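Encoded as structure tokens, the structure appears first; notes follow it.
Per-chain numbering from 1; labels A, B, C and D assigned in written order.
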Amino acid sequence: MRKRTPQRERGTTIPLDKFRDECGVFGVFGHPEAANLTYLGLHALQHRGQESAGIVSFNGRGMNGERRIGQVAEAFDEAVLGRLRGDRAIGHVRYSTAGGSGLANAQPLQISSHRGELAVCHNGNLVNGLEIRDRLEREGSIFGTTADTEVILHLIARSRQALLEDAIVDALREVKGAYSLAFLAADRMIGVRDPMGFRPLSLGKLDGATILTSESCALDLIGAEFERDVMPGEMVVVKADGAHFYSPFEKQRHRQCIFEHVYFSRPDSFVFGRSVGRVRKRLGAELAREAPAEADVVVAVPDSGLFAAQGYSEAAGIPFEFGLVRNHYVGRTFIEPQQSIRNFGVRLKLNPVRAVLEGKRVVLVDDSIVRGTTSRKIVQMVKAAGAVEVHMRISCPPTVGPCYYGVDTPNRGELIAATHSVEEIRKHIGANSLAYLSLQGMLRAMEEDAGGFCTACYTGDYPIPFPEQQATQLGLL
Amino acid sequence: MRKRTPQRERGTTIPLDKFRDECGVFGVFGHPEAANLTYLGLHALQHRGQESAGIVSFNGRGMNGERRIGQVAEAFDEAVLGRLRGDRAIGHVRYSTAGGSGLANAQPLQISSHRGELAVCHNGNLVNGLEIRDRLEREGSIFGTTADTEVILHLIARSRQALLEDAIVDALREVKGAYSLAFLAADRMIGVRDPMGFRPLSLGKLDGATILTSESCALDLIGAEFERDVMPGEMVVVKADGAHFYSPFEKQRHRQCIFEHVYFSRPDSFVFGRSVGRVRKRLGAELAREAPAEADVVVAVPDSGLFAAQGYSEAAGIPFEFGLVRNHYVGRTFIEPQQSIRNFGVRLKLNPVRAVLEGKRVVLVDDSIVRGTTSRKIVQMVKAAGAVEVHMRISCPPTVGPCYYGVDTPNRGELIAATHSVEEIRKHIGANSLAYLSLQGMLRAMEEDAGGFCTACYTGDYPIPFPEQQATQLGLL
Amino acid sequence: MRKRTPQRERGTTIPLDKFRDECGVFGVFGHPEAANLTYLGLHALQHRGQESAGIVSFNGRGMNGERRIGQVAEAFDEAVLGRLRGDRAIGHVRYSTAGGSGLANAQPLQISSHRGELAVCHNGNLVNGLEIRDRLEREGSIFGTTADTEVILHLIARSRQALLEDAIVDALREVKGAYSLAFLAADRMIGVRDPMGFRPLSLGKLDGATILTSESCALDLIGAEFERDVMPGEMVVVKADGAHFYSPFEKQRHRQCIFEHVYFSRPDSFVFGRSVGRVRKRLGAELAREAPAEADVVVAVPDSGLFAAQGYSEAAGIPFEFGLVRNHYVGRTFIEPQQSIRNFGVRLKLNPVRAVLEGKRVVLVDDSIVRGTTSRKIVQMVKAAGAVEVHMRISCPPTVGPCYYGVDTPNRGELIAATHSVEEIRKHIGANSLAYLSLQGMLRAMEEDAGGFCTACYTGDYPIPFPEQQATQLGLL
Amino acid sequence: MRKRTPQRERGTTIPLDKFRDECGVFGVFGHPEAANLTYLGLHALQHRGQESAGIVSFNGRGMNGERRIGQVAEAFDEAVLGRLRGDRAIGHVRYSTAGGSGLANAQPLQISSHRGELAVCHNGNLVNGLEIRDRLEREGSIFGTTADTEVILHLIARSRQALLEDAIVDALREVKGAYSLAFLAADRMIGVRDPMGFRPLSLGKLDGATILTSESCALDLIGAEFERDVMPGEMVVVKADGAHFYSPFEKQRHRQCIFEHVYFSRPDSFVFGRSVGRVRKRLGAELAREAPAEADVVVAVPDSGLFAAQGYSEAAGIPFEFGLVRNHYVGRTFIEPQQSIRNFGVRLKLNPVRAVLEGKRVVLVDDSIVRGTTSRKIVQMVKAAGAVEVHMRISCPPTVGPCYYGVDTPNRGELIAATHSVEEIRKHIGANSLAYLSLQGMLRAMEEDAGGFCTACYTGDYPIPFPEQQATQLGLL
């Protein structure tokens, strides 16, 4: 879901790093410990959103919801989970955004209407949400949040369809954009992916219960079995008599987010039918073929670059080494000395292993360069630790456009690759050489032609146009 | 506002002590520190609601709201108040209710609609809220809270009137019940009391700013001047060009809540045109005339009985003494030893002064007996501290009916006076004698005929009938 | 106990309001819920110290201690109390001091030595603590706190006496000053008061268990019976076979702190053999005789002046009224608006009742004037609420000297009465007249000749001299 | 420092996992932001102790100390650090121990004596601490903690030496065991390592300031330069005029803890003159030579096994793969569903990457097997993810004895290798093969003969005997 907040509340000078949310959704139907499993599932999806977490369960008579600021393990304790009784529940984690009172837009959204109580979790972002909202407001609707997800709930409440699933289809036919949704009503849980399938959604099984999850790694944690992906445009309706599958939307070319594989999903997940870890290794291998380097060691920027670096090392025949180690005790905020420490922010997270780097020609592998600031600091640190050459290798093409479909990205002006050549970026980050994987190389690694994936952030080819005026207002252009 | 929650979520066995809320509202228009003043105003109204507190301010471009669990002084710190910029703000305190996540219904409610952003605080309770809500839901509306206040917001959004104040009048003409409301829109603050005037609402002035407050004591704290009560059925619209007054509703006989004077309001407030402290003393004096006692000392149950006891003492010519002292360090929860302590809960709050009570015949004055459990413990404690006789005197008539207009009361079955004679109650609490003030005596103390006040909880004469079926569902009957 | 901290850590410009601690002690021997009862006892003694609270219990094998910042009810929860097993425990509350890490000196102090484990709580202040400490340090001792109480523990550990009680006597013969102490060892609890008996200490009984407490009000809360005061110079040793009483010190004239009766103790306590509430009424009555006023009402500054005001009213035949009411929801810190509010700090706590004060000549009764700042604000508020005259009456003599025996007082220079005449003070606070009770009047109220009480803060006659150089260093002179 | 607590407080059934503490120490002398740098240094040493953290600084007049439960980044905020002024400070992190109130033994210990104020941080464990403590107690000393470190402070205070450094030498000549200590006095900081050099301690430089740190990685974070190790038996005295070095103890054969290299220190640190990461890779390489396996992939148990696995892979010519990924969002406590999840605890931390493991013969490399429970779960998980064979390889010899010198280890009975053959362990953990590195192999990896290291936990050859009776009492045998 995208927050409408910034535009309204803070004018046009929005730091776009913050105005969108990548999220994770999870749901359980038919297990006596539905809320507890949802809590664990959300913990496994924590990398998809750390600001707030929420769970709604149905206890046979009514719905109870808890939405909290913070990570799952902090936000939910035994007392809170104890209030979430029932054998069905859905939950949501949400990405960190600026500002204080983040609870207003925390999900699941939970409403009542003539259909009874309904809760929903949304991963994605609508492109025409504002437009529909304006129309609904003119017709007398009131909005309690700034989330585009609330638009969907209004449309469902207004649909003439008797069945909830039909009303949801009615509503979703009006919206455009990216959505993987999990709904919970008294007697059913419904999962649905938009026809292009931007964001992932998978099905699992545990002791007869049905599970919905953004990624399969959440199934592993609770000991559930991975069944299959919910397909783009598919709706699954889970009731006491089992799961029912529908394909209510017109078929469209799939546009699954390739960035899920490059960076966002966990390497132990299966996403869009592929092992994320294996894809990343292949990205590294393609990169080694396209952009070899004369070097002594291949070093990853942990953890994002680990699998690609490993793939590069194998394909290039250059040894892989742990030349940067990650500090596992990184807190929220740090007090920096006034006498500033060079590259302080990066040092808190990473430290070079001098014994590995000293005197070496290093291939440094990462998944992406966004603004270029962090990469520059890492290259400096690696050189300061004794590396004689640093050859930066990026396991995807240059990122030249923002995302409108539910990934939090800076606006175009802040994307270094949108306005600078590769050589300019190389100079900026201070590397001896710099190479990105080509679009073709990336797609080869996916073992798939370009048709099935959204690559808009690398190509500017947006499957669903975002209203230009709106993008300008939001500062995206 | 009344929460619909219990009925839906917890079935029919609701402890009615909790299903209604008495609240306090406060608003400032035209002062650079609007939110800070609102915070202090709410602190002065803290006795009207301790569960949650909320403030919404308008900063010139948009509204910011903060709603928190807990008392005002804990819930709001400098960082939170710092986010509430602007020269206009409204705030709300709400009574303690059961359950955990009390934030869902915390006020001010804050929405956006085609009229822009709107926030509202409500003290009172609608009688036909559920009925309207059911109609609105059938027409496609969705509800994000269980508060009847949300009904008013929907009706406003749907009104065809161009002006906000006209739309509010449209909406309020549809609802029945008790409401003292403070609205905040971008360019105006609006206060309104229902035509019967159940709950109080007053106006004050501070350096050209206009203040709305449930009670005048909040004006004292911030150094503002008391102007006058908002009259029953009156609406005040405060804009940059000053305050405008309207009387848009049909005139009705006033039905101001007499319980505000007996117990609820602070003794240093002026409510319904009277000093609460002075009225309480007069209640005590009337009681002394109606129900004299042969005794050595008059002792109050602090703090509720202090003024009435003082009035009794003066009228009866029996010395007033501090025979019970209050512990000022009462926390939220206490760990009681397993080997239970007699009257533990009461002891935490009150302790008898043996030197005052020993060997004395005591007139013990309190404002009311609800279930009788606490009174019984206090009488026991006073006797254990050496009193030879305890003559209990209550400064109002027996409470025989629940309230439907915004005061939290138990259901009829739990009201000891609804099912027991005065003599039975006397035996139960263990007093040597027991007397209540008569209805006539109470009205004499108000210096007013019965017409102006709601006395339903003493007489069962309800100014606005509460649908019987609904009352039964809610367990009120 | 007195903290040595300020002198060492903050140089000579110590705000003396903070450099001493008034404390409360409590102990239980022989009850299965010793720690729970101690927790409740400390809650009843909360007025004697709000900064930190601590409990140590002996569980049959070892001692467990918990010391916490904050009030008792916040600081101790079920989990914490659950760790404090055993049938014997002692506890301590300590007055608020400046600075952050208040835990370092929190009591009970708990050590081990060749005598095994020992814990101690101290109410009072040693006069030669620094001197002994310096000697002990020169002999190789190390100190972990800055509390003078630690000196006592060192002396006990060094004593050659075989029995703990004899070693304690050895130690206490070396120290001079005020101490009411509760010790806990594995097999005994020991209570002792210094020979002059500056600070109170009482004995109670509950189901065969023996209780030590600073004030009797703590016995009321747990349903225990008051037995008697521990006498000045008396030691009580409580063991499995019962309580044993000793008088190991040379007899001295008693010097019990008269301020305990004037202000410090709770009115429902019996202290030094007298009801505190009754004494306060008598102080008010003496004051009415000594300093009558032509007035319409007697009003107390709550709560400290309540009993004295009542006594004044009765003796003077002028009606007592509640002209100032106290706000019961006072938090720790408040955000004051930048546009400052007149008398803000006082308004947060007290509000005048205009209906009582308007047009009246008011006798305003309080227990003391320290710096004069608060009294001035209260007089202003009472006049602003309509009083035509304010006659201030103080229920003790002018406070002209600081206390060295365990009461937190400002230094002499800050005591308005030390440097100003009564007429000057009257002008400063803006009252129409001002009178203090005379020393003779105060002692009459105690029903006792001057011999039994310490009145140093009113007379400058210090029973135990405080080394002048030290007092100067500490800024007391 | 070792806590004496368990023996005394909890009898003989102590879980030995908890009775000892491994710690980290850090100190800065001569930098205006000494406390801030210490805070960051402790953050970099966080892996050496997560329970509590403390810092003491000297501000020119006195010492201020803050000791807190929790990790450094949580425990210290700007307000707390703001109280720690001055250009010299020492700090300490301490390992998690059982029980609630861990503050009692938190370091730095801070005392005053005739030498003035003194603070100390201790990494290590004394062997004769109890013995000396008993003697000191018999001589009249009192102890405020159960830490053996307090013994050292007593001995220093009792020394007749005029200079602090001489008194410290006096004291340390009496104690036996492991100690790397940092002392802070008003005018000097002193670092010292025991003559055998069990625990590490290094020196660094930053802008003229001298730094003491347990590991060099803390220097990297603050941008300081590594100077050299403090040598076994060496004392460094840092004063305004610079650092002075002494070797006051009789020379002894060095016995540096080999476990620091195997597991405890960070791979980016230089410890005992060697790169920890490089040593670990060599351990893996030796292991590959000694215990080859027919396999398809080498997989590490992250993070402890990463470097060794990499070394194994290179030496064996079998590809290294990330077959297990770590969850970076591991909180303190998790609510486990009642219907228990197989290997739940391990799953929270690690997840297998099925695409890497499926159908493969896996060499699984870890640094040690302690009780065997976790290894068993990991092997199960790897097999469940499709591995056809699992060959477990451990990069050190079987752990057969507890440590008495400052590493927290279970007692002998819980060490699976102390009572089971390698074949029995293999069966227990369910691996297809299991091999440990030999002692000779381990020492070869250190590039050092056995003389310089303590290998007691692998050989039972304890450089300083631990009194047998005491070990038995403590449950170590």
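Heads up, the rule we're going with is that a residue touches a chain if its C-beta (ideal position, glycine included) is under 8 Å from a C-beta of that chain, and two chains touch if they have at least 3 such contacts.
If you're wondering where the values come from, they're calculated on a predicted model, not measured in any experiment.
With contact taken as defined at the outset, there is no chain that touches subunit A as well as subunit D.
With centres defined as mean CA coordinates, subunit B is found 48 Å away from subunit A. In whole angstrom, the spacing between the mean C-alpha positions of subunit A and subunit C is 60.
Counting partners per residue, subunit A has no residue that reaches two or more other chains. In summary, the structure contains touching chain pairs A-B, A-D, B-C, C-D. Of all residues in subunit C, only 8-11, 61-66, 79-80, 83, 99-101, 103-104, 109-114, 137-138, 140-146, 153-154, 157-158 touch subunit D in the complex they form.
Every residue of subunit C that touches subunit B in the complex is listed here, in rising order: 32-33, 36-37, 39-40, 43-44, 46-47, 50, 71-74, 76-78, 81, 207, 217, 220-223, 266-268, 270, 275, 277-278, 303, 306-307, 310, 314, 319-322, 325, 327-339, 341-342, 347-348, 351-356.
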